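After this come two complexes, each holding subunit A, first together with subunit B and then together with subunit C.
And then the complex of A and B:
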C-alpha cells in the first residue's frame, strides 16, 4: 500500500516536471518571448552537452560545489560549536543571544562589501561570505536543540559521573541532532545561494561567473544551462542530506 | 531515633556494625516551604528498604537527597562514613520515567555502554559485560533494538541494566514499576528481588504500592506529610524466598498490609 502510493506520487511529480518542460518548450517555440532572452529546453540541453564535452561546465560546477561545501562545512563547525556552548549555558543565552539575533537578519549580500574590504575579491572572501550567511540557522537550531533537552538526561549524566564534555558529546549534541539537521538543511540552501553571489561579485570562476558573463554577452543558453545545473546541485545535495538524516535519526519512532 | 528504628527492625541477614547509609537530622526547605524535617535513618549494607507514604510526603525528595541530586538544608547524608557531596558513581538511580532516562539514539547495548564509558571500562572489556547485563535483565536477544522499539517493561529493564553496569553498592529506585501493567510489574518485582539478592546491592525503593513495598522489602519506611518525616519503620518478617501467590496470602503479609493501609488512611486524612 505504502510502497504503491510512494510510486504513484513519484510518477505524479515526474509528470508535473515533464509538463513544465513542455510548457517552457512551447513558450520558446511560439516566440512569446524573444529567443535572445529565452532559449528552449533543446538549446539549453545543447549548451549543457557542449559544456560537458569541452569540460568547461564540469570545471565550473566543481568550483561552485567546492565553495559551497567548504563554506557550509566552515559554517557547520562554527555554528554547531557556538550553538552548543550557548545552548548549554543559560547565562550565555541571556548575554549573547540578543546580540546574535540582531546580527542574524543582516542580509549576507549586504555584508559582502565589508568582506571585500578585508579580503579583496578572493576565494577566501567567498568562503567567509558563505560561512557568515549559513552560520545562523545552524547556530540557532543547535542552541535550541541543546537547551531543550529533557532535564532528566542531565541528571542521568550526573548520576553516571560523565564529565561536562562527555555530556555534550554523548548526550546533548546527539539529542539535538533532529534540530541540527534542520539547520544543516537551511544552511546548505544559503551556502549554494551565496556561492553563486560570491562568484558573481568576484568573478573567480564557477557557475555564478558563468551566468554573469553569459548574461553580459546575451548568451542565453549558457545562462540557462548554468541555472539548470545549479538546480540539480540543490536537488542532489538535499537528497544526500536527507539520506544521511534518515540513517542518523533511524532511532526515532515512526 | 535511629536506635529506636534499629530496635524495631531486626534484619534477616547478618549486618556489619556500621550502617552503609546514614541520614542524620536531615531537613530540606525551599524558601518557606518545608519538604522534609528531622530525618534520621540508617540503612545496612545489603538491606532492601521500601519507602511509602501519601502523595506529596517527600518520598522522591528523600531519594534525591540520597542520590546527591539535592543538597539538604539541614543535617547530613553520609555513605560509608563519608558525607555525600553530590552524585556518586557508586549510587545508581532508576527513574520512573524510563523513556526520558534512556538515550533514544542508542541501542540497548549502547545505553548500557554509556555507564561503562563513564566508568572508564576499556573498550575490549565492554562487549562481554554488556551481554552479561542484558542477559541478567532478560534482554539478551534485544541488544540491537532502540528504546522506541521496546515495550515499557523492556525499557525499564534496560534502565536497570544500565544502573547495574555502574557496579553500584546502592541502587535507588523511584516508583520504577509505577507506569507498567500489573503482569509486567509482578514479573519485574521477582526479577529485581533476584538481582538484588544475587548482587548483594543495597536497595532503596520508593513506591506508592503498599503490597509492592512489603513484597520486595526487608523493611518498610512510612513517611508522614507536611513536612515529610519518618512516621514508622515496619520490619518485614517474611521469609527471604518470596512468591507472588503464597507470599501475598501469608498472614504476616496481610497483617503488615493492613497496618500500612491504616497508616496511609490516617496520614492522608
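And then the complex of A and C:
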C-alpha cells in the first residue's frame, strides 16, 4: 500500500474514533444511560484536567507506574537470569522445568491472599505480587529461546574455547532476544494488571485505589478518568517496548 | 517422571520440617493439614459451591465476550474496509486492563454474578476478535475465487467455506480465552466480588486459616490445570486429522 493511501486509511480510522467519542457524548447527554454510571467524555476530560491541576492524578499515575516498572524489572532480572540457567542446562530442564510449567497456569492474583498473610497490605506485597505474576512469561520464553539455539553454534563456541558465560553473553542471549521480547511484552501487560489489582486490594494509593474508591462513592467521572489513564499507560508502555525491540533487533533480516 | 521428583521432594521436606519442629502458625500450614482442609471443603460441598459460582460466571463471561469477539472478528476479517476503519478504535480500547473495568461494572451492576460476567466478557472480547480476524485473513485467497465461481452468497460462503476452515484456530483461541476467563473471574472475586473461589481464598487468608487458604489455592490451581488439559484433549480429539493451528 502506498504511503498516501496508508495515511488516508489512518485518517478515516481516526474519524471513526472521533465518531465513537461523539456517540459516547451523545448517549451521555441524551440521558440514555444514567449519568451516575456513564459520564460523558466532557465530564471525564474535566476530571482528568482537575486531577492534573491538583496533582492528585499525577501522583496516583506515578505510584502505579513506579510499581509496575519496579515489579516488572524485578521479574525481568529474575526471569531472564533463571531462564538462561535453565535454558543452558539440559539437566535443569528435565528436573526443574516441569515444576515451573506446573505453577505457571495458577492465576497470579490468587497468590495475593497468601502474599497478604506474609507481607500485610503493604507496598512490598504489591511488588511481590507483580514480580510473581510477570516472572513466568519471561522465565519460560528465555529458557525456551536459550535452549533452542542451533546445536552447531554450541559446537562452534566450544571449538573457539568460549566459556559458558561467554557463550551465553555472545551467542545464546542475543539469539534468544526475539523470544525474550515476547516474554517482556506479556510480562508488562501482566505487571500493569497486577499493579491495579494490588492497589485495589491494599488501598495503598495509585490508580487502582482511585477507581475502586471512586466506585464506592459513586464518583463515575473519577473512575472513567482513571481508566483512561490506565489505557494510556498500557498503550504507551507497549509502544515503547515495540520501539526498543525494533532497535535492539535491527540486525534481524526482515 | 523426573519432573515430579522436585515438587514431591519439596512437599515432603515441608511436611518433615513441620512435623519435626511442631509447626504452630497463623500463616503457614503443612501439606497434611492442607489436604485435610481440602477434603473437609469437598466434604461439606463449600468448595464445590464456590467452584460452581466461579466457573459459572467465567463460562457465561466467556460465552458473551468470546462470542461477540468471534462474530466481530469474522465480520472484520471478511470486510477489510471495516477492519481498517475500526483499527484505531480497537487499538485504543484493547490496552485497557480488564481489571480497570471492575469499578465501572461495580457501579452499574453492584456485587454479584453480573459484575463478574461483564468483566470476564470484556477480557475475552479482544483476544478472540484479533485471533478470529487473523484466522479469516489467513485463509487461502483461492477459496474466495471458488466461492465466486460457485455463485455462493456471502452467508453460504461463511457457513460452507470460512467457518469450517477456521474452526481449528477458533478452538485454539477459545482455549486461550477460557484460561483468561478463569483467571479474570478469580481476580474479580479477590479484589471485590464476594462470591466464588477467589472470595473463599481471600476470606481464609484474612481469618488466619492458612490450611484452608492453601487448600483453596491448590484447588484453583488444579481447576485451571484440569481445564487446560481437558481443552487440549478435546482439541486433539476434534481436529486430529486436519489440525493446522
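Rule of thumb we're sticking to: the second predicted complex is superposed on the first by the 242 of 254 C-alpha atoms of A that agree within 3 Å, B and C clash if a C-alpha of one lies under 4 Å from a C-alpha of the other, contacts with A are read in each partner's own complex, and residues count from 1 in each chain.
Note that a contact is a pair of C-beta atoms (placed from the backbone, for glycine too) under 8 Å apart; a residue touches a chain by one contact, two chains touch by 3 or more.
No experiment lies behind these values; they were computed from the predicted model shown.
Colleague: Using the superposition on subunit A, decide if subunit B and subunit C clash or fit.
Modeller: Fit.
Colleague: Examine A:73 and indicate which partner it touches, taking first as subunit B and second as subunit C; both and neither are also allowed.
Modeller: Touch status of A:73: no partner.
Colleague: Considering only touches as defined above, state whether A:102 meets subunit B (first), subunit C (second), both or neither.
Modeller: second
Colleague: Which partner, subunit B or subunit C, is in contact with more residues of subunit A?
Modeller: Per-residue touch count on subunit A favours C.
Colleague: Touch test for A:41: subunit B only (first), subunit C only (second), both, or neither?
Modeller: Touch partners of A:41: none, neither subunit B nor subunit C.
Colleague: Using the superposition on chain A described above, determine whether A:205 touches subunit B (first), subunit C (second), both, or neither.
Modeller: Once the two structures are laid over each other on A, A:205 reaches no partner at all.
Colleague: Given the superposition on chain A, what is the angle at the CA centre of subunit A with arms to the CA centres of subunit B and subunit C, as a multiple of 10 degrees?
Modeller: 100
Colleague: Which value in Å is the smallest Cα separation between subunit B and subunit C when the structures are fitted on chain A?
Modeller: In the combined three-chain model, subunit B comes within 26 Å of subunit C at the C-alpha level.
Colleague: Check subunit A for residues that touch subunit B in one structure and subunit C in the other, and list them.
Modeller: Subunit A residues touching both partners: none found.
Colleague: Residue numbers of subunit C touching subunit A in their complex, please.
Modeller: Result: residues 2-7, 26-27, 84-89, 91-93, 95-104, 106-108, 179, 182-183, 186-187, 190-192, 198, 201-202, 204-206, 208, 210, 213-214, 217, 220-221, 224-225, 228 of subunit C touch subunit A.
Colleague: Considering only the defined contacts, which subunit B positions touch subunit A in the complex?
Modeller: Subunit B reaches subunit A through residues 67-69, 86-89, 91-93, 95, 97, 100-101, 103-106, 114-115, 117-119, 146-148, 166.
Colleague: Using the touch definition from the top, list the residues of subunit A that touch subunit B in their complex.
Modeller: Interface residues on the subunit A side: 150, 152-153, 155-156, 158-162, 166, 170-171, 174-175, 177, 249-253.
Colleague: Where on subunit A does subunit C make contact in their complex?
Modeller: 9-10, 12-14, 16-17, 20, 36-37, 94-99, 102-103, 105-114, 116-118, 189, 192-193, 196-197, 200-201, 207-208, 211-212, 214-215, 218, 220, 223-224, 226-227, 230-231, 234-235, 238
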